[in-house]
Structures are given as C-alpha cells and as structure tokens.
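Shared between the two complexes below is chain A, which pairs with chain B and chain C, respectively.
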Partner chain A sequence: MLDYASVKEGAQIVLSTSSDENHPPENIIDGLDETFWATTGLYPQEVIIRFKSPINISSVAISCFNVQKIALEGSEQDNSDKFVLLSEQEFDRDDHHKQNEEIRVEGNKQVHCLRLLITSGYDHFVAVYNVKVNGRG
Partner chain B sequence: MNPAAARPGTRGGQVAGGVALNAQVTVVDRPTTQQGLGGMKTAARGGRQVQDKTYYLGLIRSKINELNAEIIKLTKDIENASEENSSYLAYEKRAEALATEIRDLQGELGDYNTLVDKLTTDEDIQDVEFDCNNLKSQNDRDAKKIEELFDVKKQKEDQIQLLETEMDQERRMADNMVNDMKPEMRQHYMKLKELNQHLLRQLESGQQELDQLNSRIEGLQEELSQSQVKQEAVRLYDQLHELESKRNALQEEAKTRGSPAEEREKLLKQVKEDNQEIASMDRQSRELQEKIEQMQHEISQLDLDIEESQGERNQKYKELKKREESMDEFLNSFEENKAEELKKIAELETNITTLLEHMSRNMGRFTNLPTPKDLMTMKEDLAFKEDEMKKSETTTIELATQRDKLQQDLQKMDQFEEKLKEELVVIKKKADQMEKDVAMYSDLEKLRADAEAKKQKLMESRVILQRRRDTFKKQMQLLNADYNSLKAQLMENETYTQANFSTWSTALRPLKA
Partner chain C sequence: MPTILRAKCIVTGDAGVGKSSICQVFHSDSSHFPKNYTMTVGVELLVKPVNIPDTRDQVELFLYDSAGKDVFSEQVTKFWEHPNLVMVVYDVTNEASFTNCVRWLERVYSVKPDVSLPGVLVANKTDLDQRRVVSPKQGKELALSKGLGYFECSADKVLIQNILGEVPWDVDNLSEKQLELNHQDQIDHGMTNSSTAIL
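So, the complex of A and B:
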C-alpha cells in the first residue's frame, strides 16, 4: 500500500504549531518509527500535511504518545483553506507505550491538505512518531 | 320522608315495615301520642292474643330444650375441666422448664445489659477483658478453695472412720480380755461394770435433777427480778443470815468467857509467859548476831589473806606473760628483721664502694689540677666561649626564622608549580585542538563541500519555512477575518454596546471626581 503522507510521495509539512530543533515536524512524514515530533506544551497543537496531489483518504494510521483527543480535518485546496472535519477520536491512556491507532475516514472526499488537530493530551507534552495515510490517488 | 328507611335496623321497624312501607306515612300526619313518637305500635307487637294449652306446651318444650342445651354445655365444661386437670401436670412440668429457661435468659439479658452499659460508658475492651480475667481468676480461686474444703472434709471423714475402726478394735480387745480372765476376776469385773453402769445412771439422773433445779433457779430469779418487793425480801434475808451467823459467833465467845478475875489472871499469866518467851528470844537473837559478826570478821580476814597472796602471784605471772609475749614476738619477727638488716647492709656496702670509687677518681684528678695562671686563661677562655655560644644561639634563632620564611616560599612555589601544570594541560589541549583545526582547514575542498551542504540544507529549510510562513499568514488572515466578522457581530449587538457604555461610564466616574 502506498503511504501518501511521506516525503517519498512528495508530502510536505506546511504548518506546525511547535517546532523543536531536535524533533521537527518533518519527523512525522520521514517514515521512521524512531524519530518523532514533540510539542512544546499547551493545547491545541496542529500540523498540516500537504500531499503532492489530492487523494481520497480511506484511513489514517497514527503512532503517538500521550495524545487524548485528536481531530482530522481535510481541505480540497492546496493553499490550506476551508478545512472540513473528517473524523474525531479520543485515545485511551496507555502509559509507557506508544499509541498505535487507525482512524477510518468515511465519505470518500478529495483531500489535498490534511490537518491533525491535537486538542488535549494526557501530559503537558505529546509526541507524534508517524502518520500513514491510505487511500486512492 | 320514609321513616322505615331512616331506621332499618330495629326489630320493631322491620316488623312494622310491612305496614309502614305500604302506607305512605308522613311525619306531619303522625299523631303525637302520650308515648311520643314511639307510640306508633303495630298489632304484632302486643304479643299473643289467645293463650291456650298448646301455647303453654310449646313454651315449656322450648324451655326444656334450652335446659337440655344448658346441661350439654355444662357437661362439656366438666369434660374440659377434667381434661385440663389431666394436662395440668404436664403443663406444670413445662412451666418449670420454661421458668428455668426464663431464668437463663434473664441471666443472659443481664449480661447483655452490662455489655450495653459498658458500651454507653465508652469503656475500653481492655478494661472489660481485665474485669473478665479478674472474675475468672476469682472463680478459679473459689473453685480451688471449695476443692480444698472438700478434701479436708474427706480427710476428716477418713479420720472418723479410722477412729471408729480403732474403737471397734479396742472394744473387741476388751471383750477378749474379759473372756480370757479367770472366773473370779470376771465376776469381779462384771460387778464393777454393773457398779459403773449404776453410777453412770445415777450421774445421769443427778445431772437431770441439777438441770431441773438450775432451770427452776433461773425461773425464780427471773420472777425475782420482775418484782421489787421480792428483791427487797432477798436482800433482807441475806442480812438476816449474816446477822444470825454473827450472833452465833458472839454466843460461842460468851460461852468460853469466864469471870473477870479469872480472866485477868489468865491474861497476866499469859503476859508473863509471853514476856519470858520474848526475853529468851531476845537472848537467842543476840547470840546469833554475835555469831554472825564473828563469822563476817572471819570472812573478811580470809578475803584479805586471799587477796594478798593472789595479788603478788598475779603480778609475777603477768610480768612473765608479758616477757613471753615479747619474746614470742621477737622470735616471730626475727627472720624478717634479719633479712631487712642484711639488705640494709648490702645497700650500705654498695654505697660505700661507689663513694670510694668516686673518691679515688677525684684523687686521680687532683694530681693534674691546673695552676692559677692556667685557671685564669681558662676562665677567659670560658667567658669568650660563652660569648661565642650566645652569638651562635642568636644566629640559630635567626636561621630558624629564615628557614620558616623559606619554607613558606617553598609552599608558594609548589602551588605555583601546580598552577603551571594545570595551565600546561590546558595549553596542550588547546594545541591539540589547534592541530586538529589545522588538519581540518588544510583540507579546503572538504570544508567547501561541507559549507555547500550546509548551505543547501539551510536553503531547503528556508524554503520549507517560507512555505510554512505563507501558510501561517494565510491561516492568520483567515482567523483575522473570522475575528473581524465576530467583532462586527458583537458591535452590532445592542446589549453589548449598552453594557459596554455603562461599564465605561462607571469606570470614568471616579476620574471625573
């Protein structure tokens, strides 16, 4: 399966509310499980991934840490405008372990930009290791 | 308006109902009779008009029936009563059992009550346990005591049995003895036995008589104590007894007494006899006294003699004893003294030898004593040398101070050295670093490549960041637009503006004042 949200497939991070020098948001789309994007405190935190071309998302797999509530929003335009809520999830608390969650997206919408909106976490800081987007190009 | 409907329960009403229901009676039409409203009587109420034989027979029959019923009832009662009587014993037994149960339960209730009491008074469980233990121990003690008493009782019983057996044995022995006796003796014994029994009987009867008499005395005394007159009489009787006895004594005296002359003679004779006797006794006593004195004199003489002889000998003896003691002492301590003295001698000898040695040495020196002139020079020498010594002492002191100073300097130098070493290490490190740097900078191509790569990377990130800035700007614009629209909406809201105005005015008031 193709992972559209990766550098290889031409995805880009166009916006992130936290940017640590050691843990930049690009770590989300580098395809490695060891690197991660770390937030710098406070909520909400968001990151916008732009794909090379609009795709139909069927599911999004996220591996993260300490995330409580997360919302996925999508936009058809490439200039990250007019976002529409795709899905909203609350993850269980899982101390000392990575949360590996898969969010199914219904509706078969064309999405060019995907926004991850972390509205609350189980601690002051959260980390996102990887985001994989499955769908049709 | 129907009277029958108003009072349906009464018998008269029901009987009268038959008539009254059919007749539409109104209260107003009703005649007020002498008996008030109750005056409205029907014919049925008046009883039977014709009373013939059959009627009375009927009456009697009904009465007989009633009596029979009553009799049956009574017999039943009797049966019941008899049944109850038979079951009474069983009930009594049960009652007893229940009473015991009640007693037990009451005891239990008492326990619970005390428990509740303890709970309400907030007593500690430990106190309760302590009390419980106390009671238990007391119970144990009581039980033990009882057991002891039981043991004592058993012992006593045993003793009694033992004594009884003993007595039995004795009796048998006595019987045996009697059997073994000679016929005469036996006869004698039997006689004595009979006498004994007879006397015992007599004693018993006498005792009984005595008891009777005693009881009688008691009764009479009681009687006496009750009446004063009798008491007085007793007193007077006693007096009378006394006086009678006195009179008897006086009568006796009077009988023995003769005429006065005879009497005087008799008395004189007696006096004379007495005087003689006294004189003789005096004499005797004097003689005895003399004898006693003599004896005492002798005794004193003897005492003196004894003392004299004994004193001399005693003194001598004492002296001898003392001497013996001293000699003993001397003998005992002789060895020690000897050892001591020998030791002393040895010491003195050593002393003497040392002194002699000293003297001989000095004698040897005496021969090479210097001349007075030499002495002078020597003295000068000595003075000079003393001077020198003083000087050297001062110099030593100076040197010591100098040494201290130098030591301090040395310490400082040591510290300095350490510092220098540290510096050296740092410098060496620096040199290493510099050497590395030199190596690095000598390879200019690599440096350039690195720089290029860095530049490339930075450019990339610049691009990314620019993109991000753009998106941010866009987002900002969007959000600003949202904000502005919301603000406009708020401003359009009348209540908000009014509220705002009022808050402003309140805020400004103190400024105006």
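So, the complex of A and C:
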C-alpha cells in the first residue's frame, strides 16, 4: 500500500521540537525501520509532516518507543496553524520492544499537514521510528 | 554539532531556605546574589545552559524555582508535570526545614511516580556555622536513604556550579543510555532482560 508519509511520495518534515543531528526527524519518513527520531528532553514534543498534496487519511501506523500519550492533528492547508484533532491515544508501556500501533482516523478529513503531538512518555526521552499513512490521494 | 538536551529540574524545599538564592546565583554565574528576601509566588522559571564536562554537549536546564510557602503548594505542583530532575533544599540552621524534605520529595514523586528521577539534597547556609543544627551526617544519611546526591553550600559564598553541574551529567548519561537502548532494540527485537531502570 502507498505510504503517503514517506520521502518517496514527496512528504516533508516542516517542523520538529527536537533535532539531534544523529537522530533527525527526517528519520521518521525515510522508510527505514532502524532509523529513528529521538527527542531531546521535556514534553510536549511535536513533529509536523507535510504531504505532497492533501489526502484523505484512513489510518496512521506508528512505530515508536516509550511514547505514552499522543495526539494526531491535521490541517487542510499546507501552511497553517489551524489544526483539528484527528485522534488521541494512550499507548501501553513496553520496556523492551518498539510500540507498533495503528490508529484509525474517522471522518474522511482532507489533510495536507499531519501533526504528531507527544504529550507524555514513559521515560525522559522517546523515539519515533516510523509513521506510515494510509488513505486516498 | 553539539547535542543540546533539555531537562526540567524542580527546586523545592521549605520557605526561606534559599532556593531562589541558589537558583539566581547559579543562573547569573555567581554575579548576582539577592541580598533581600523576596518571597517566591508560584513558580519562577530560570533557563540555564550547562556544558557537560569533557564533551561538546550541553544541557539546557529549566529550573522550576518553586514557592516554599504552604499556601502555594497546590498551585506549585501544577507546574511540576514531567520532571527530569529534583533538587530539595534545606537550611542547616532550621531543623524543621530538614525534616520537611521528606514531605517535599513525596510531593514531587506523587506527580510522576513511574519515571526515574535523579536528584540532589542540598544543605544551604553552611556559612552560619555557629547556628548550625543539622549535621552533615544527618544530611548524608537522608540523601542516601532517598537515593539522592548530597551537597552543602552557602548561596552567597560558594560556587553552586558544583551541585548543578553534577545534575545535568545525569541527564546526559540518561540520554546516552536511552539511545543505546533504542539502538539495541532495533538490533535485537527479542531482547528480554535488558533493564530500562536507569541510574
């Protein structure tokens, strides 16, 4: 299935609140399972992914570590600060494995920018390996 | 490029023990010692970049200098979400401020019990030797029993760098370990006995 949140499909990271040069936010959309974006302390943390063109998101698959509470927000415009909440989740704690979670997005909303807002974690730092977005372009 | 990590440090303890003095002296690199007492209302936030010895890395320390007066305690704990570090201060000439440290610690832990929280116990006003009632031994014992580092200082005389310099070190360690863990995780998905208990 097409992953809209990948560099291959023209997605970009337009904002992130942490940028460790060894683990930059671009690692989220590079399509590789082994690279990750690491946060560098404090909450909340956010990252905004912009797709090449607006899409109707049906689900978002996230692979991460130590994330507790996360919110997905979408914006119709490609350059806007008006985001609407798509989904809010609390992930289970797993000290030894990646968290692989699939979040269904209802309502068939047009989204050009997707914001991942991590409001708390199970440790001082969290990592996001991958975000895969399914939907219709 | 150096890595900059951020850490939220809660500074707490009884009113008048010198929390704000310590924070301000540290924040100003010892150039500013507040000579008059100003009661802290709520929480005062000070941000101080601290270099980690022997590296090019830096920790941006967010000091949450919290009011010690009980009337503010409810208001103050609202600012304490997601702490990374804690510093409990007492006055060596004031026995009650020492015994209350346990209570302050409990308050901090009640905000975030499931994350490891490195911290220090700080005995302030050691220049007032004549009036000292809490001995170093008592302080060390309490710190040991609570898993904290123990430091003595006098906010107006001694470089506080030593205390706070020690704290971000822990954060750096923490981050290293965390990244290591992430790395291990990606190599070995079946890893079962590695512990995330950091520090």
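Basically, the second predicted complex is superposed on the first by the 136 of 137 C-alpha atoms of A that agree within 3 Å, B and C clash if a C-alpha of one lies under 4 Å from a C-alpha of the other, contacts with A are read in each partner's own complex, and residues count from 1 in each chain.
Everything that follows uses one rule, which is that a contact is a pair of C-beta atoms (placed from the backbone, for glycine too) under 8 Å apart; a residue touches a chain by one contact, two chains touch by 3 or more.
Remember, it's a predicted structure, so these values are computed and weren't measured experimentally.
After alignment on the shared chain A, the placement of chain B and chain C results in a side-by-side fit free of clashes.
Between the C-alpha centres of chain B and chain C, as viewed from that of chain A, the superposed structures give an angle of 40°, to the nearest 10.
The wider contact with chain A, measured as residues touched, comes from C rather than the other of chain B and chain C. With both structures placed on the common chain, the touch criterion links A:42 to chain C but leaves chain B unconnected.
In the superposition on chain A, A:23 makes contact with chain C only, not with chain B. In the overlay built on the shared chain, the residue A:13 is in contact with chain B alone; chain C does not reach it. When the shared chain is aligned, chain C comes close enough to touch A:124, but chain B does not. For the pair chain B and chain C, the minimum alpha-carbon spacing after aligning on chain A is 10 Å.
Judged by the document's definition of touching, no chain A residue lies at the interface with chain B and also at the interface with chain C. Remark: chain B residues 464, 467-468, 470-472, 474-475, 478 touch chain A in the complex. For chain C in complex with chain A, the residues that touch the partner chain are 1, 3-8, 59-60, 62, 81-82, 84, 114-116, 171, 174-175, 178-179, 181-182, 185-186, 189, 191-192, 194-196, 198. Those residues of chain A that touch chain B in the shared complex are 12-16, 26, 48, 79-81.
On the chain A side of its complex with chain C, the touching residues are 20-23, 33-34, 36, 38, 40-43, 65-66, 95-98, 120, 122-125, 127, 129.
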